[in-house]
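Consider the two complexes below, in which subunit A is the common component and subunit B and subunit C are the respective partners.
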Partner chain A sequence: MTAPAATPHKSFSLARVYAIGSNTLLELVRLKVFYFLLLFALLGIGVSFFTSKMTFQEQSQVLKHAALGMMSIFTWLLAVLATAMLLPKDIEERTLYTILAKPVPRLEYLLGKLTGVLALLAIALVVMVAMFTLVLYAQQQSALAAVASQLAPGPDLEAARQQVRADTFTANLVPGIALIYVKAAVCAAVTLLLSTFASSAIFTIIVSVMVFIIGHVQPIAREYLMITEKGASELARFFLGLVALLIPDMRAFTLLDDLAVAIPFELFMQTAGLGVLYVTVYFLVGYLVFAGKEL
Partner chain B sequence: MTRRHLTALAALLVFGFVRLPIELHIEGKARAARFHGVKLDRGVFEKVGQMGFVAALSGFRAVVADAFWIHAYGVWERVDWAAMKIDFDIVTTLQPRCVLFWDNSAWHMWANASIAALEDRKQPRAALRLKAQREYWRLGEDYLLRGIANNPDSAKLHTSLGSLYRDRFQDHAKAAEVYARGAALPDAPVYLHRFAAYELAKCPGREREAYEKLLAFYRKGEDEHLPTLLKHLGELQEKLNVPADQKVNTSPPPAKP
Partner chain C sequence: MATPAISIQNLTKLYPIPFKREKVTAVKDLSLTVEPGQVYGLLGPNGSGKSTTMKIVLGLVSPTAGKTEIFGRDSTTVESREDVGFLPENPYFYKFLTGAETMAFFGKLCGLSGARLRERTKELLALVGLENAADRRLGGYSKGMLQRIGLAQAMVQEPRLLVLDEPTAGVDPAGSREIRDLILDFKKRGITVLLCSHLLGQVQEICDRIGILHQGVLVREGRLGDLISIENQTELILENATPELLAEIQAAVGRSNGRVVEQRQPQTTLERYFLEVTGSPERVIGDR
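== the complex of A and B ==
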């Protein structure tokens, strides 16, 4: 009996990335990270309670702002906290050594870890969107019933119904939610980059949170960097230049802060593209550091 | 710091230079689409406090605005108009593109607060009560004007401002002008065109202009032969001494069976 022919080892395998990614996702799910969804539901109920005396338009507006804000907060926190603990946990539990002792390149390991977090963020966001849609739909049905009881059948009733529908599900919700995901993915990539050289998860979390906050004022630093006239302090320009060059522009993804404004398709695609560029470059720089890390 | 760390830092700096024009391009597009229009400066900081300011800076401007809007409703139940105005100022500063906030802030001022001022039992002097009432109208007007400055394409705000001039200030010339501007907007309701003409009919010296406009509506067909339109048209025909053979029938149409 002859031994089966050994399959040649590939220098890069998507199957191995998938295996690491799915294991990362499983580990994170086992940490009961989805319990935050309960908090999301409770906040939804809280908002409904506080807005019970408002008009339908106000209720709908506040609910949308609050729900999208919560989605943004939760996905950001999830991205930072879940990513920051990946490498330290694997080092502490010595899983990292077991994996890297096998013919698994570090690139695949890191990519698998990032893929796992991105999958977790996608699942979390989909569940939150489903809950949000359900509440919004219930609110819409209740408003439609109220309108039907107040107006006699005719053009006025139809116009009022159309108004209710237009006030509930606005077209910019979909690109806005997609940008929430992209923003969280950028946060995950930045956190992964930080964790490749950080000595502790706490350090990674703190710096990542700071990057997130500073990232929202990065356009101001960028603006200052572009000032060419005399009078702008050189020292200030140097430091703000560093901020503009090292920190990602997080404000670019915050288009849902102006929910009333429709997001043009071209702007959405370019912003999402910028997000993908950030994720790719921060991941590659992270790999550069991780590849030479003494373990 | 190892050589690899330095290489990573250099790579990030190079990436920073590469992405700068891309970010500027996207920023320009976003601004052209009227995003990122809020300047979070010292004035906002003083209004929303440290935590609110950090939250607004961190991309949660809409959530902070909503929290203040909910707070304003609590204040409304305590009938504290001054505190409500402070909340409305914060909300409209943080969400200048939200028509609903401008419209409702204005409505609370020119409708609710003004009536409360007029019926204020603590103020025995009627003249001062009337003065306070007018001041609240002015506050409502201010919200609507600032709302229109931030949302020039909003027919809703034009409608509200026109109604405020018409019903409260009794300034029919201004009402006609605002209604006409609103009627030119893409999402304007059909009645706004008529409202502009109705208000014009009440402006001394502009009767001929109003008559022409109303006549144009009348000639569009029976659907436009509405009681108010017929009433104004009849009055203007008399005022302008329109010859009998040029007069249109302004008697109300017979009721449909």
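== the complex of A and C ==
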């Protein structure tokens, strides 16, 4: 009896990337990472109680700032914690051997892992946005009812209603939330890069947190470099230049300091494009490290 | 002449020692060939270089020197693994997946999908006797069940070569015999098997050729029968022989240049005895 014939090989397969990505998502879901969303819901309820004595505009501002801040923190935490344990776990439990013994290029393995985490972040953010929207909508309805009870039907009432609606769902919320996702994606890519050469998940997490913090103070370092160019030592300038090159500017993704100001479309696209570039570069560097790694 | 299933030429692997100049030699100038359709046993004590050799053949580790090929393809390339199924020692799978999900995952990695994948999953789970545990997570599987799901995933893409690392380690005698029978069935189907095992009795039953590694060097290699035969002795097993017949044979041997080395009653194997006592009859593949 003859053995099966030789199998042709596809050098790159989206199906393989999808298989690894969906498996990664399933792994993270079965680890019950979504339970943290309960915490988000509880915090949202807490904010509502805290602001119950404020005016509608004040309530709306506080809720938006609090919700967006929490979304940013939670997605960042999820990105770092979920990504940090993926590779070390596969290496320690040696599931990586079984996968790479199949015709799976290391590029596809790593891309699948990153895709799985990005899918998890998207789902988590969608759930948080849904909760946030519900609370905002409830607030809006409450404000509309209050306005209707205070004003007689007529143009003034209609104008007041329009104002309530305009103050609730402002146009810059959507790009702001999109940039929260981009920022979390950048954090996930940085964490994945660190995990390709780190010896443990804890080390990866600690360094990722440091990168996140340095990323937020990096603009200050850049400004210092520009202002004190003549006075700063060569070593300091070199070090600050290296930091600016290696660590992403996290503040660039925070365009919602003033919720009343609309984010220009061009600025949004530039910022999102910068995020995609960061993710791509960090991923490719991580792949180069991983490709040469002895298992 | 058929392309060898595995061709290893002058393989050397050195591992650096951190903060030191010298290196550890895991494998030294190893050359061997496994022909298609053979069951080849790669043996050796712990630390002899078997796992390193296997990892290099599978493309998981790069050689320091030398070349390895699978059916003529360089084993450092991903495409060479299209034809290979691997069962690791202490199977390394995702414990959060069920048996069926594990098969589906590895099947997709090998390019299977849709109805073909479902059909292949069902077929292999039945072959290894896990159809009733298909929906249970691997975290709840016994050692023997993990070995079986490992064999099933190794077979998912109908490979031409199977690399099995301690396939029966930690498995009870009944399960061990079933795995042995599966390997013999693979051989009948023309699938090449590279087997690493410390269970020399099993290796003796199923392997055509063996290679013995010691401290990274191939010290013996060849057909099993040739290597372990005692050249100047002949075994003769008689049934219902009378004492008179035995005496005649002894006398005839005494008249010649030969010598009766030993006269004893042959023994069954402990494995067969154990299976008889525990009521686990020998099963033929496909008898489920």
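Assume the second predicted complex is superposed on the first by the 282 of 295 C-alpha atoms of A that agree within 3 Å, B and C clash if a C-alpha of one lies under 4 Å from a C-alpha of the other, contacts with A are read in each partner's own complex, and residues count from 1 in each chain.
By definition in this document, a contact is a pair of C-beta atoms (placed from the backbone, for glycine too) under 8 Å apart; a residue touches a chain by one contact, two chains touch by 3 or more.
This is a predicted model, so every value here is computed, not measured.
K.L.:
For A:A101, using the defined touch cut-off, is the partner it touches subunit B, subunit C, both, or neither? Pick first, second, both or neither.
P.N.:
Once the two structures are laid over each other on A, A:A101 reaches subunit C alone.
K.L.:
Have a look at where A:F212 lands relative to subunit B and subunit C in the superposition and call it first, second, both or neither.
P.N.:
In the superposition, A:F212 contacts subunit B only.
K.L.:
Which partner chains sit in contact with A:R222 here, subunit B, subunit C, both or neither? Use first/second/both/neither.
P.N.:
First partner only, subunit B.
K.L.:
Applying the touch criterion given at the start, work out whether A:N23 contacts subunit B, subunit C, both or neither, answering first, second, both or neither.
P.N.:
In the superposed model, A:N23 contacts subunit C only, not subunit B.
K.L.:
After lining up the shared chain so the two structures overlap, which partner does A:M250 touch, if you call subunit B first and subunit C second: first, second, both or neither?
P.N.:
first
K.L.:
Between subunit B and subunit C, whom does A:H9 touch in the aligned arrangement: first, second, both, or neither?
P.N.:
second
K.L.:
When the two structures are overlaid on chain A, which partner does A:K113 contact: first (subunit B), second (subunit C), both, or neither?
P.N.:
In the superposition, A:K113 touches no partner, neither subunit B nor subunit C.
K.L.:
Does subunit A have more residues touched by subunit B or by subunit C?
P.N.:
B
K.L.:
After superposition on the shared chain, which partner residues are touched by A:G69: those of subunit B (first), subunit C (second), both, or neither?
P.N.:
first
K.L.:
Name, in rising order, each residue of subunit A that touches subunit C in their complex.
P.N.:
1-4, 6-11, 13, 15-16, 18-20, 23, 26-27, 30-31, 93-105, 294-295
K.L.:
Quick check on the complex: what are the subunit A residues that touch subunit B?
P.N.:
Residues 50-51, 53-55, 57-58, 61-62, 65-66, 68-70, 72-73, 183, 197, 212-213, 216-217, 219, 222, 225-226, 244-246, 249-264, 266-267, 270-271, 274, 277-278, 281, 284-285, 288-289, 291-292.
K.L.:
Under the definition above, what is the set of subunit C residues touching subunit A in their complex?
P.N.:
Checking each residue of subunit C against subunit A gives 36-37, 55, 58-62, 71, 78-79, 81-84, 86, 88, 90-94, 96-97, 101, 105-106, 108-111, 113, 153, 157-160, 163, 188-192.
K.L.:
Sort out for me which residues of subunit B touch subunit A in the complex.
P.N.:
That would be residues 2, 4-5, 7-8, 11-13, 15-17, 19-20, 22-27, 29-30, 33-37, 54, 57-63, 65-66, 69-70, 73, 95, 97-100, 104 of subunit B.
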